[in-house]
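In structure tokens below, several structures.
The following pair of complexes shares a single chain, chain A, combined with chain B in the former and chain C in the latter.
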Partner chain A sequence: MSEPILEMTDVSKRYRTAGGFGRGRKGFLAVDGVSLHVERGEALGLVGESGSGKSTLARMANGLVVPTSGTVRTDGQDVARLGRRGLRRLRRNVAMVFQDPLASLNPLQTVRQTLENVFRAHGETTSTAELVALLESVGLGADYLGRYPHEASGGQLQRVAVARALALKPDLIIADEPTSALDVSVRAQILNLLADLQRDQGISFLHVSHDLAVIRLYSDRVAVMQRGRIVETGPSDEIFRSPQHPCTRALVEATPEAELPA
Partner chain B sequence: MPDPVLQVEDLCVSFTSGGVTADVVRDLSMRLDGGRTLAVVGESGSGKTITGRAIMRLLPRGASARGRIVVAGREMLSADERELRRARGSDVAMVFQDSMSALSPYLDIGAHIAQAVRLHDPSVTRRAARARAVEMLDRVGIPGPADAVRRFPHEFSGGMRQRAVIAMALVNRPALLIADEPTTALDVTVQAQILALLRELQQEYGMAMLLISHDFGVVGSAADDVLVLYAGRQAEYGSLRDIFDHPAHPYTAGLRAATPRLDARLDTGGERTRLRAIPGAPTSLRDAGPGCAFAPRCGLADQVGERCVVEAPLPTVRPTSEGGGLHLAACHLDRLPATQEVAR
Partner chain C sequence: MSWSSVSIAEIQQAEGRGTPVLGRLLRKRSGAVGLVMLIVPLVAGLCAPLLVRIEGQDPNTMHTDLLDPDGGRPLGAFGGVSADHWLGVVPVTGVDLFAQIVYGIRSSLFIAFGASILSIAFAAVLGTAIGYFGGWLNAVAGRVIDFMFGFPGLMFVIAVMAIVPPEMPRGLVLVLVLAFFGWTVPARIIGAQAGAVNARAFVEAARATGAPPWQIIRREMLPHLFGLVVVLFAMSLPGNVSVVAGLSFLGVGLRGDVPDLGKLLSDSLPWIYSGADVWYMIFPGAVVFLIVFGATLAGDALRDVLDVRTEDAA
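And then the complex of A and B:
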């Protein structure tokens, strides 16, 4: 079997805090000795209550947050040992999509500029045809190239954010609550788009969400976080059919069903 | 039939800016009895919050409402300021999605609740009002209420703050509570607790609840009846069961199909199922044309033809399931096809 696209071993993150309360005296232990991997082509869902450390863990996976201890390997390479060129390659291979598309896009730049900047940052040039193809792959027409963020809806902006993530043909996309800020009818469009990218282009996903129903439908495996630790992992069908850990059970029971009992 | 706690007839709300006036809510009607919950469901911009605010007569600048709103026998649209002050709190109260915006950072939690008590009844002493605050915090499940009244909003977690806001809204026992996305900003576990608390208090006080939400999961666990809004208009109205099991409007059916469910994959043998998305994005009434506002996104518009584009459908009566009550849908189609290719 080939190496996992992402492998985190015993990683911890301690944030320095002013007040000094929380888990432990010296700062706040947001992630506490977590090991996790994402196989090639796999979608791993990460769920847990607010503050359990999901975003911190996700950010360590692409180097946005530096772990206090432990190792992160992407594509078999130890991220801590990467030089400048290696880090740049990491940023190409591992892309990120955030919750709020408006906040993650520069309001003063057109979609064209936003996309061109991604290529420029990696010393590459691009053509209009390439940009149009990129937009088409996320279901947007060429007319979006000239638009500013305020000229598009939330769902359209999230498509632009996904296009930006796809620009450099990443192997892994880390999506932190990519659909939480979107309307219900638009949410499904983006989720289906991400699922297509996984199926058709073999892109792997680390998908963070507080919505268990979304994770159940759109990920192969699930990891459940509680207070900085992973308390349960397994195939998503199994985890939600027979949750073992009390934390998972509480999350499942609290999820309101959009279905009436017969 | 008893007099309803809330009766709305042909409510229209419009905004005027730069000399131009445009409706954002049009021809809404609803009726809500004590002890019952009516959910108002819709996507962003569909007019949910504006409708709640119109009922409170708390509209933003530049907005005006027409039609008729009766809360506990009081005509809200013709009431003067004094009457409105009396109505707010004792007849109708509102809880907002963002609990922080309802609270002043400079006042402790007790002062917020005591203020609500004294605004309603100036003869209550400060001390007595403060005592009511402690009682109320205890009632909404805040541990150590005697100590909690002295805490400031930022010292509370989101869930605790929402409990405090509920205490503030309910301290004068309003006949109607308008809850605008009361759990949207909260964790699922906290959300379940807050919904349970609202249900409990509703039964105890016998109040009517207008529950505004975009989430069918929340609606399914809390509502008796459902009003589905699309672009400021009523798309469908009916009992929870009719809306869930026999939707008559393509938008309602589409929303249901686009909502993920935790049990949805149990019998698929592990095969990935996908949600059926509705193409395009929700519009507001301002941007809608003369026809059905849903037409650009509706997979059934072709079946009906030009009518969908030129004529806005009015709500008409639809079949109900057993004990279902009134069921209305605003769609030119008499019935949805069995296999619902409702979205394009």
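And then the complex of A and C:
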């Protein structure tokens, strides 16, 4: 079996809190000794309540957050040892989709500029035909190239954000709550799009969400986080059927019975 | 491949918002008006020798025959306006006011523009760096700016200008000295704004694509700071014009025989207090007003035009 696309070993992140002495000076431990891995081609769902450290943990995979201790190996490389250029090269292979597309897309750039900048970041140029093909792969027409973010809906924008993530043909996509800022009606569309990408292109996913129903349908495995620790991991169905940890049970019970349309 | 080269050409055509920035600026009423208000005095200043020759005057000849021998106020209406002297003459000396003003625009605007360009450019570079790198740079630059705030700048300028050797060009020294004290407030404002932009999600998203620092600054941050820089520039112009005026008033500005709008204004003060010749202040004052108001209008319109979200709200 090949090496996991992402392997985190005993990672912690302590945020220093501004000012203060005594207890305040120790800072806030957002991630506390977590180990997890994502196999190639696998979709791992990371669930937890807000403030449980799941976004911080996800951002360690591409070096946006530097862990206080522990090691992160992404795509076979120790992220802490990469240096600036190595980190930029890593981010070719590890793309990211953020929560709110209206915030994560520059309001002053057209879709074309946003996509072109991804190629420019790695000294590459691209053709209109390639960009059109990229948009088509996320279900958008060529007419979106000239649009600004305020000229498209949230669901369409999140497709643009997915196109940006796909531009450099990554092996791993970190999706940080990719649907929680969207209308319920378009959530399923975006989730289906991500699931298709995993199945058809073999892209691995680290899918962060607070919604276990979403995770259950679109992840192979689930890791449940609470207060900076992973309290339970296992295959999605199993976690859903017989949750062991009280936190998981609470999340499962909070999930509405009705399932998302597939 | 389901698209032909024709459709790609169509896509590119449909994308182009066509009109360049200047065209859109001129189509906005406030932009066009502001630009005209700014450019007319500017051109007049640039063409000062030509205009004065057309008028048939020069900025130094004293026309004492046009003055009231008792008190020295200009004879005739509007401060002595006539076909020979388009804006009348200066009281007491009788020199041509139009010539004084157009030559004054030259020196005043050269100094104000020079100082504003230098100080705002430096503030933009430093502020952007503060916003992007934060950390120790923010701390160090912040303390330096605090120090500059506490420093008696005007006293320093007066002292420097008083000891400038006569062979040095006073205009250039003024530009440098004004720029030296002009960058602090804009740098702090730009730094705060750049920090806010740096914290926005699309900057993190760009970082996550592997964009190098320069690309993030150039493509993601600067477009969001441009409007602020333009407005700060427009706002710093009138301040510099008035400081030059004040220094001239104190006798440490430009040389006494160099025409200067600020000097004209300060010289005119007693004449407007007594009401003897209000036109002496109104004409140069109107020119300063045009420049300052025009710069503000044009700067504001330019910011709107450059922001795609307000582009269509003209």
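As a convention for this text, the second predicted complex is superposed on the first by the 250 of 262 C-alpha atoms of A that agree within 3 Å, B and C clash if a C-alpha of one lies under 4 Å from a C-alpha of the other, contacts with A are read in each partner's own complex, and residues count from 1 in each chain.
Just so we're on the same page, a residue touches a chain if its C-beta (ideal position, glycine included) is under 8 Å from a C-beta of that chain, and two chains touch if they have at least 3 such contacts.
This is a predicted model, so every value here is computed, not measured.
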Since both structures carry chain A, what do chain B and chain C do when superposed there: clash or fit? fit
Is A:Glu39 touching the first partner chain B, the second partner chain C, both, or neither of them? neither
Just chain B (first), just chain C (second), both, or neither: which does A:Asn62 touch? second
For A:Glu3, select first, second, both or neither according to whether it touches chain B, chain C, the two together, or no partner. neither
Examine A:Ser153 and indicate which partner it touches, taking first as chain B and second as chain C; both and neither are also allowed. first
One more residue to check, A:Asp211. First (chain B), second (chain C), both or neither? first
Thinking of the overlay built on chain A, is A:Glu130 touched by chain B (first), by chain C (second), by both, or by neither? neither
Name the contact category of A:Asp237: first (chain B only), second (chain C only), both, or neither. first
Just to confirm the geometry: in the superposition, how small does the C-alpha gap between chain B and chain C get, in angstrom? 12
State which residues of chain A lie in both footprints, the one left by chain B and the one left by chain C. none
Of all residues in chain A, which touch chain C in the complex? 62, 64, 87-92, 95-96, 98-100, 103-110, 112-113, 117-118, 120-122, 128-129, 132-133, 136, 142-143, 145-146, 148, 150, 161, 164, 167-168, 174
Residue set of chain B touching chain A in the complex reads 43-44, 158, 187-189, 191-192, 195, 214-221, 240-241, 244-245, 254-256, 258-266, 270, 272-279, 281-282, 297
In the complex, chain C residues that touch chain A: 1-3, 7-8, 11-12, 14-16, 200-202, 204-212, 215, 219-220, 223-224, 307-309
Touching residues (chain side chain A, partner chain B) in the complex: 49-50, 153-156, 183-189, 191-192, 195, 210-214, 216-218, 235-237, 240-241, 250-260
